[in-house]
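You will see two complexes here that share chain A, one where it goes with chain B and one where it goes with chain C.
Up next, the complex of A and B:
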């Protein structure tokens, strides 16, 4: 094999193997629950429009499901990027869900309920969510650097505070009496163009995905090609070493949290003002917690995150269709997610094991040569 | 006024026992984000057994209750073996392992609750309804004004928790095992150098955490909802983690943090009820414990520091 291709493929070998093994284990579990695993996996792909279903309702087609899936992935990519940027700087942003909520809510109230026309409304939604997310993130960074408040505690506290205050505001001012959620936002402000009729199909067009892919490139360049990114990573590797190298550790941490918060804000905008269109009071989106796993599954690499987001989303989003078509309970989808994470988390062990095997082989060879 | 003490304690104590579990795990050097999942799995296991026992016993019997607490501890400890395997055997990232345990716990308990209800009991339900736990009042002391309320309407589990918490405190600070455990969290290689088995100590610490979290989850199942369903995953496990970090990874200050959460919460509810505000204001009041925590942290976290080797994967070769 060409050595260049080999070099590119080698780091992918273990994660891909981990996912494949996990899928086999998942299949065994599905079989144990009395369903057909192949049918279940096929239905996961069908539910996301990756392969066609047998039949479709009027105006619906494979493309409808696929675009819905892309719409579902978008917030996940942003949220995982948010976790990734903070983590590379050694900070654990467990508050992505809260930052998503406050940004989504602010944008909903300021723009979603206004009569603005489509173009300025959508631009404003994006800007406001970035700004609010960045502010929320900067608070965490500031408390950490100024008062030594552990970011895990402060983010959990803010998660609760945002959740309850926003629940109060929604229930008092913005509630839809029928759905018990916040009122739907205006079509003009929504980042997903809902039910567009194209070629005889009704399709949701998620505009956020373009931003998400741009964000992936941005984070990748930031981390790998800029001085700022280098400093963030240095702080992440060793705070003391970075300090002695003359890096402003406090500044780096605040900046990392600002970027992380801004990305979380975009996740909130694409979820609440894109995929859903309203906010359920007193509920934090799972996205922020799943994103931790997604980011780690993607090896904290922006491009890796695109794939891990899609993989996890296929399973989580396809769960409903898997239940209706293959009779597998939706919880099993989460179990498969968990198993994938288990196998990919054991990467280090496999690498270690392979290295040891290699070393033993070399040792034996040496012994033979001596003899 | 009494209800502030009564409800405050019945919330603070389960939180406290979970936080102690977290302290054991983190002081041994293993990051613990899985409290949420462990408490839920423990509660599921305990509730299942209590549910089965309840059917064959009279409604007033307290046997299912005590058995449930015990079984919940066992269930939590068993489920924590996933964390043990991933962190210690497979040297996985401890954060991802914690997240995995949480994801799996929610999915598995949700699925099994539905399936067991359908297959074993022939019912379509996603919860196990528990008998309401009896409460008791200690005579005489409970007559003392104000503070007496602490001894009124006590859940039996509160006594159990205080006993277990005291034991946990004693083991952590007064026994060789506790000292070895704390040494593992600060310098595992030093521990290994004096002949300690770091992985064995960490394994025990994680399992203790599982057991204590399980007890906490079971108590929440009894006190808050009197049933088990996936509604038990509302983030109290994360709150316990916040409490232990607030308490600087020490048991007594953590107790203070839990009391703060408990009393601010019950006090807030009481205030809303007394001022006859609409119930939506409860949400606003519920932010109180968290705002107070943040403010207190601003003053008290200057000297906070995590165990030195927290989250560092230990292996003998890495010396």
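Up next, the complex of A and C:
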């Protein structure tokens, strides 16, 4: 095989194997609950508009489901990118959820409840969420750099602070008495164009996906082609060696957290001001935590993240339809996600196992040659 | 009477690791009560062979006979039961425990408190160790704590540990690598004593003098194959060296007399504190000129590495000044000092010298990635240029790897990793080249090459600061020698005025401080 193709395929092996094994295990569990696994998996794809359902309601079609799916994926991509950038610099950003919340909330209050017209409102939402996310991230980086406070601890603490302070503010000032959530934001400020009538279908158009794909390209270039990316990776791989090379380790960590926070901010904007349109008090979005695993499953590679985000989203987002059409409990979807993540997290073990197998094969070959 | 001819016999041993045959059909026979040396370069397969005797690996092919009986040694416990003991190159001692505690660990004498509570019987342990150390002439104090001991005493503890386990076959892996000449003499005396009391000793080494002075027979390995087994008494060191390397080797590096130029580095009353605010370097002063190799000799841990780190900017000076070409750089950053002309090969190559998860090309530009020549447009790396430069350096410095520039450094051998650092630092534009243990762990061929390159750099007019634990290396290439002991510089003199023995004495702090010559 061509060595270039090999180099490209090699990192794919483990995530693909993780997914396949998880699907098989998931199928066994579904079968044990007395349902048809194939039907369940087909319904997951149908629920996301990847293959057509048997019938659709008025104004709904495959494209409706598909666009809803894309809307669901968008914040996941941003959140996973946020995890990825921090991780490349050796930092574990557990606080993506909190950074999403504070950014989404700030943009909601400043723009979502104003009567600005669509174009400036949407631009402001994006800018504010980037800025607030970056600030939240920089705080974590600063605490790490200045006082050597472990980022895992500080991000978890900040998650609590954001969660409860914002819950208090929503319940006191912005609550919608019927839904018990924050009041819906204005249509003008929403990043998803909801229920657009196109070609006889009602479709949600997530504008954020364009930004998300741009962010993927941006992060990839940043990490692989720039001086800054080189520094971040050097610090991430070996703080000692980076220090020895004269790289400002503290500054690099703050910069990584600023970028990570900004991406988390965009995840918050596309979730709270895109997919949902409101904020549920006292709840942190799962997205920020799932993103850690999504980033790992995508080999911490921005392009890999696009695929892993889509895959996890298919399972999570398709759960509802799987229940209604195949009669499999929604929770099974989370079980499958969990299994995928366990297997992709056991990356190191699988690598070791593969290396061992490879060594054995070489040995056998050599022995044969000797004989 | 024992009914076997050889106490250890290894027949047709083959051990393969992925992509390499570490031992290829090796057969050795060792007689009871002899000192048997295993000679070979790094990677020749000596340690692998002995690891199989000690049960750390199992051979893929071949068999092992101990006292004439076929055995399967699949763990060190089996080896211990067969009275085989091994002292590894890196000691395996618990530094917070006392000597006696370390030795008895795992087979402690037990006393029953209140008739049923089993407790370690420390007094008995201490007595036993005292008796053992007297019996074999290995003077130690059983109640001393390991971390307060010097390396040679720690080594004695390791040997006692084997003897306590009633080892009859003692394997010593590079035992003299960390010792001073005086300590080496003492150790060799101990080894002789052990043999005379009936122990069988297997000595892994690449130092020919030692083999010549104590070994009875010597097996020479090269690239995993057994080349020859010789009687030491009738074989010259030159012959052994040629067999080991597989070609003619020269023992000393040729060099022209040094041409000293202007003063490049001046270290003025430098005091350095470690992280516990304890002074590790006290009041050191010296200067290095262009075209001079200035070597700091000393036993490990006497402050020499701290001096190198401090000049390169990795640690701060507590007092004193560092002056590079008339400019005070005491407060400058690491990057500044590099810009002003300091190249640095650090002691810890894996955690400081290299980013192990980078590929070769990336690591080769670790010090220069930010410079304009490596960029297409501002802030964007010019990967093509970096790869091209990488190709050149890989060829020039003979860096061996599976995928050339894109090989991940972590997957490479230690020697080739070191070559990457050497390539990078020697290529930097610099006036001062700081080298800490530049040839540690490399094989003779590579060592020869690097020493030649160091001299070539000197001849180009660079000032070289060499910190080495290998006295041979210092005697071989240094123009000026400073000896450090306990953080204080004991002696500075031109290399030709000192003998290895004198340097060794200063290294032990035997002489009172006398700083002479070029101060």
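The rule we apply is simple: the second predicted complex is superposed on the first by the 349 of 371 C-alpha atoms of A that agree within 3 Å, B and C clash if a C-alpha of one lies under 4 Å from a C-alpha of the other, contacts with A are read in each partner's own complex, and residues count from 1 in each chain.
Just so we're on the same page, a contact is a pair of C-beta atoms (placed from the backbone, for glycine too) under 8 Å apart; a residue touches a chain by one contact, two chains touch by 3 or more.
Every value quoted in this text rests on a predicted model; they were computed, and no experiment measured them.
Look at chain A after the overlay: chain B and chain C fit there side by side.
In the superposition on chain A, contact is made by A:332 with chain B only, not with chain C.
Seen from the C-alpha centre of chain A, the directions to the centres of chain B and chain C diverge by 70°, a value given as a multiple of 10 for the model superposed on chain A. When both complexes are overlaid on chain A, the residue A:157 reaches chain B alone and has no touch with chain C. Judged by the touch definition given at the top, the superposed model places A:238 against chain C, while chain B stays out of reach.
Of the two partner chains, neither chain B nor chain C is touched by A:14.
Looking at the superposition, the partner that touches the larger set of chain A residues, chain B or chain C, turns out to be B.
In the superposed model, A:230 lies in contact with chain C only, and not with chain B. Once the two complexes are laid over each other on the shared chain, residue contacts for A:168 go to chain B alone; chain C is not touched.
Annotation: superposed on chain A, chain B and chain C show a minimal Cα-Cα gap of 5 Å.
Residue ranges on chain A touching chain C, taken from their complex, read 225-228, 230, 233-234, 237-238, 240-247, 355, 358-359, 362-363, 366. Interface residues of chain C facing chain A in the complex, by the touch rule stated above, are 16-19, 60, 313-314, 333-335, 338, 344, 346, 348, 351-358, 362, 366-367, 369-370, 375, 379-381, 383.
On the side of chain B, the complex with chain A involves touching residues 33, 82, 86, 89-93, 95-97, 99-100, 102-104, 106-108, 110-111, 114-115, 235, 238-239, 241-242, 245-246, 280-281, 283-284, 286-287, 289-291, 293-294, 297-298, 301-302, 304, 306, 313. The touching residues of chain A, when paired with chain B in their complex, are 33, 92, 94, 143, 147-150, 152-154, 156-161, 164-165, 167-168, 171-172, 281-282, 284, 289-290, 292-293, 296-297, 329, 331-335, 337-338, 341-342, 345-349, 352.
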